[in-house]
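What follows is chain A paired twice: with chain B in the first complex and chain C in the second.
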Partner chain A sequence: MSTATASGLAQHDLLGTLLATPRPPEWADLRAAAEARLAGQGLPAAHSEDWKYTDLKALQQIAFGPAPQAKVDVSALLLPEMVGTRQVFVNGHHAPHTSCTSAVPAGVRFLPLSTASEACHALGTVGPDSASPFEDLNSARFQDGAVILVPKNLKVALPLHLLFITKAEGPVAVFPRLMVVLERGAELELVEEHHGEGTYLTAPVVEVRIAEGAILRHERVQRDDAAAFHLGTLKAEVAKGGQYHSRTLSFGARLSRQQPWVRLAEGAEASLDGLALLEGSQVADTHSFMFHAEPHGTSHQLHKCIVDGQARAIFNGQVLVAPRAQGTDAKQQSRNLLLSESARVDTKPQLEIYADDVKCSHGATVGALDPEELFYLQSRGLNADDARNLLTYGFAADVLTHVPVASLRRALRQLVMARTQAVSLGDLS
Partner chain B sequence: MLSIKNLTASINGTPVLKGIDLQINAGEVHAIMGPNGSGKSTLGKVLAGHPSYEVTGGEVLFEGQNLFDLEPDARARAGIFMGFQHPIEVPGVSNASFLRLAYNKKAEADGRDELDPLEFDDFIHEKIKLVAMREEFLDRSLNEGFSGGEKKRNEILQMAVLEPKLAILDELDSGLDIDALRVLGDAVNRLQRADRALLIITHFPRILETIQPQFVHVLSGGRILKSAGKELALELEERGYDWVLEEAAAGGAR
Partner chain C sequence: MSSTLNVVTSQEYKYGFVTDIEADSVAPGLSEDVIRFISAKKGEPDWLLEFRLKAYRHWLTMTEPEWAKVDYPRPDFQKIVYYSAPRAKAPKYASMDEVDPELKRTFEKLGVPINEQAALAGVAVDVVFDSVSVTTTYKEKLAGVGIIFCSFSEAVKEHPELIKKYLGSVVPAADNFYAALNSAVFTDGSFVFIPKGVACPMDLSTYFRINNKESGQFERTLIVAEEGASVSYLEGCTAPQFDTNQLHAAVVELVALDNASIKYSTVQNWYAGDKNGVGGIFNFVTKRGLCKGKASHISWTQVETGSAITWKYPSCILLGDDSVGEFYSVALTNHKQQADTGTKMVHIGRNTKSTIISKGISAGDSSNSYRGLVKVQPKAEGARNFSQCDSMLIGQTSSASTFPYIEVQNRSAKVEHEATTSKIGEEQLFYFQQRGIPAEEAISMIINGFCKDVFRELPMEFAVEATKLLSLKLEGSVG
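For the complex of A and B:
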């Protein structure tokens, strides 16, 4: 279906097109509820406050079809620490021949949703019903995804690797789904990567449930095609004394949006770190929500963007401290480096604090490289270009310092070096 | 080695250096002393090429070459090193990789072989002994979260790595406790050679007990008011700066 708009551009009924594919039979209730919400609200309008800096017009001009099964070569994406602990999904479908779970310890479930029992994994139960219309789209049409369950007190030694790959001939839409459950005292490191080729929309939904005292370290890497749209939702609930630490690294996509939502119970800890490297006319938006629901929670956010060309970064960081969440310690920092005159950043902290005994701080900086820092490096013999590139690299690499998987850390540093023109500086790891 | 003639410089249109003359030869150790705001740190920054300062007159020759023809990085590669009073923190770049990068840029300029990470590892482990730096500081990000003393230690380590012809050390003693001051003072002494010159910029004479200068200059109001041998430092320790300023004022009035 196509209608003429005031601007004269053909604009598809995006929602109608995306929902035109048959509704998969499983998870019927979840899908019906999501479709009902979509029928009521539709996709975000251009004037809505929550989406005012992130223009979906380009998205609406593309008729995305369903993604067919496809084969891809993942050899370049394998990491030595995780060769036996990976699940691969291509175009939203599980890829059994490229997955390998031989090293996953006994007791840990790390399965495609299509082989897991519906009753065991209550999808759509973490957090609010719907954080975004794209979450509802995912719920309505996801084909497959992964479920991870770590039993009580099991500390998983090897990190788990999830690869979501999209390979599109024509424009396709994919809806990766992930449910992570850590039982009491469990510990896990998880690497979630998104890669792709072609024009596509990916709208992943990740749900995380962390029981008392459990700890999840979650590395999220977005390396989608420069022609792709990535509209992701993450919802995490952290029970008493549990910890959720995530780091979201955004490199690709013409337009990306990350919507992490985290609820902290008593004494829980969360960190939501982020890095976006943007060039050309890329747009990257992060809308985060940190919900201190109970006393003595600790949260930390460091969000960094490097914006070049005519690219644009948006950060909106909401922190909500409930009246009973006394003793909350919440820190948020948004640091942005502009490398060109026409690059743009919109950053906005939003703190709502209803408890009186709390420590909450936030800060935001937007600017170019510091001349004092450049002079320091030049005074050590680096020419002006090298000094600039080294500082730019360091600004980004700072976020990678604590990536726990060594081979991933190396790969990300190399990627950052390439994107910050720091390759000529040699090995900086 | 360094010849400064009637150097004037300003920042944001305000004159800070008002006619400096100074000759430094290879093998010499000079101390520039003076009260706060005298312009002594400015002199170091102007020599190193800090972009905030504008040179408004005079001439500086370094080994016969006009210093102001060179960008700050070219001055560094030509053999000028400035130890910063407040070294900059650079997150995300390990100290070791920065030191290797700086070493290799200098080596390339000098026509020497560059060192790969393994070779540099051996090289730097010898150098850190000189400044008694703990190994973990090599893996940490450059100066990030270092204490004042650790940063100064790192400055002298950089000096040891870069082997400059002229080292300008700006307020090396600030932020250092007595033990660290002695360690770094000894390190600087061990780095001093017949083909190297030192310019120590300091407010307090204490550091000059360890690093003994042959020449002491008192800078105030953007001018060198008095130059003498190391005994001047002792006198300043006992009497402060006021008498030099008064003497100069009286001299100026005559």
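For the complex of A and C:
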């Protein structure tokens, strides 16, 4: 189904095509509710406030079909710390032969959704009904996904590794799904990676439920193909005294959008850090929502973008402090570095505060490298290029400092070094 | 907070009275006929009538903006009286003695220095009473250096070429819903023209006052500063207490040519409605300055304390290279007031600079939002912006929001935005009280400190008034 637009380019009915595929049998209620919302809503209108800076036209010019099962080689993506704690999903389907869960501690359930029926009741219950049509599309058509359940007071020593890989011959749409439940006092480190090859749309949905006093550290790496579209949703509810810390590193995709939503109960803590490295004509959008629903919550957000070429970075960070959330402490920073003439940044940090006894602040900066800093490095013998690359690397590196898994931290640093052309400077890690 | 502070005694609106003067009004409602009536009544040339009709026709196709964080009953535009003029005894007052004594008493109560005392105050006052300019002082003195300072209607008659050249050049007739409405039905306002190289020898001032029940006010202000000229303009507002909501949709346009400088200061204290949110003015204003020339400078300073609903974004279009835009704002809301205010700084020229300092204070059940845009266009090499938006919350049921939009399309730009939210600390108050300063006075001092960066941008007499106004507005509401 396609209709001609004024520009003469064919425009495909993305929702219609994908919803025409058979509805998988499980989670019927969740899927029906999502479909009902989509029927009333459709894809975001070009000029809606929420999508003001992110144009979905390119997405609508590609006829995405359902993704078939496929085989991939993951050997290059393995991390030594997490050899036996890995689940792999390819094109939205579980890949049992490349997964390995031999080192997952007893009591922890780290399974594909298709075999973990006990997660059924929890799926789709985190957060508000829907944040975006892509989330609904995922709920309507996801094939499989991962579920992680950590029982009471269990502190998991080894990090868990999740790989979502897309391998497409023609344009396909995949819907990775993840549900993480931490029971009271549990602790977990999780690495979630997205890789791919080809032209595809991936619309992952991650749900996180953290019980009282539980702690989740969540590293998220997006290295999709340069021709891919990544439209992700993350929803986390943090109970009393719980902690949720996430760091999202975006390198790939021609268009990516991250929509994290976090609700903090009394005394809960959350951080949502981010780094986006953009070049060519990449567009990376982050729309975050930090919801301080109850008293004495603490949140921290540092979002950095390095924009080169004709790329575009968008940040819309909302912090909402509810009337009863007295004693809230919220900080938010949006820092943007422009490296080229035609790079572009649109940032909009937002504070909405309904309680009087709070400490909230946000800041945003956009600019190029400081000529004085460049001069200083050159006066110490670095050439102009090295000085520029070192400063660019330095801008990015502080987001990586606290990545807990050493091999991942090294890999990410090398990736950032390569992208900032700082490799010639030797080992900076 | 301490129980001694918990006494809520609302300050009565000091300026709530109605002057009884027979008005020359048109029946409520809006149509092309009403616009033709207004235009004919004012003896306007055809091109101006066309300007109005074009705006009106476009307005009919527009819808009211709904993006602002304000909630209010939509005005019924067919119930508004679009023209009402005090019946003049003579076409022009030769001296103050001829002015209606009732009207003079009104101004005395308001403390407007309209009579000879104005000379001592050193302020030329162009008084807008409802919709027609009543009298203008100091005109001759200003005319001596070539400055034109008169009512808008007079300017249309005497300087049509200037009006034709600049009207709608900064805020086009179809700019937004309320600007279009204003362009269709504006009745009067002020016009200022500072010729090349002239520094205006005194602050120019206008007091606006909404008087006729059901009459909306649609002022039009146009200020033009030619090459190297400079002027400081003050606008102050008070309005009588009414139960029916009143709509105010003004348009202010500023044009600064090469090296010109315009400073526009406002103290806005219109009726905000009572404690329960009944009544009060809807203040939907479009204010925009165009830094057209090289190294031109436009500065907005506002102290917003009144109105039930405020929807106002004084902006600067920085077109000329090296031009400078500034926005200094204090917005105070109390009881059920809602304000959505801020600025737009659009950097187009090279090395353009802008500064935004916004201080929001929300008390009672009020809602106070800063909404701003800093836009750096691709050609704006070396553009620089600094924004600081602080909010202070007084009372557990008030809200404060910050919505800054930052759009940067030039690498050499440097844009910084900071925002904080805080409250008056128990310890701070205790410290003051311990040194013998009563709580109310302490709060007033803390708030004045909070707003200092804005107040010091105000002309002296306005700064004094603003300081008083703030303590008055917050009296008894802290606790």
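FYI, the second predicted complex is superposed on the first by the 425 of 429 C-alpha atoms of A that agree within 3 Å, B and C clash if a C-alpha of one lies under 4 Å from a C-alpha of the other, contacts with A are read in each partner's own complex, and residues count from 1 in each chain.
To be clear about the criterion, a contact is a pair of C-beta atoms (placed from the backbone, for glycine too) under 8 Å apart; a residue touches a chain by one contact, two chains touch by 3 or more.
Owing to the predicted nature of the structure, the values given are computational and were not obtained by experimental measurement.
In the overlay built on the shared chain, the residue A:D73 is in contact with neither chain B nor chain C. Of the two partner chains placed by the overlay, only chain C lies in contact with A:P323; chain B stays clear of it.
Contacts of A:V358 after superposition on the shared chain: chain C is touched, whereas chain B is not.
When the two structures are aligned on the shared chain, A:T347 is found in touch with chain C, with no touch to chain B. When the two structures are aligned on the shared chain, A:L338 is found in touch with chain C, with no touch to chain B. When the two structures are aligned on the shared chain, A:Q378 is found in touch with chain B, with no touch to chain C. After overlaying the two complexes on the shared chain, residue contacts for A:G394 are found with chain B alone; chain C is out of touch. Shared contact residues on chain A (touching chain B in one structure, chain C in the other): none found. Those residues of chain A that touch chain B in the complex are listed here as 370-373, 375-384, 386-387, 390-391, 393-401, 425-429. Residues 48-52, 71-73, 75-77, 81-82, 84, 87-88, 90-94, 97-98, 100-102, 104-106, 109, 117, 141-142, 158, 162 of chain B touch chain A in their complex. Listed in rising order, the residues of chain C touching chain A in the complex are 67, 376, 378, 391, 393-423. Within the complex formed with chain C, the residues of chain A that make contact are 49, 53, 323, 326, 336, 338-368.
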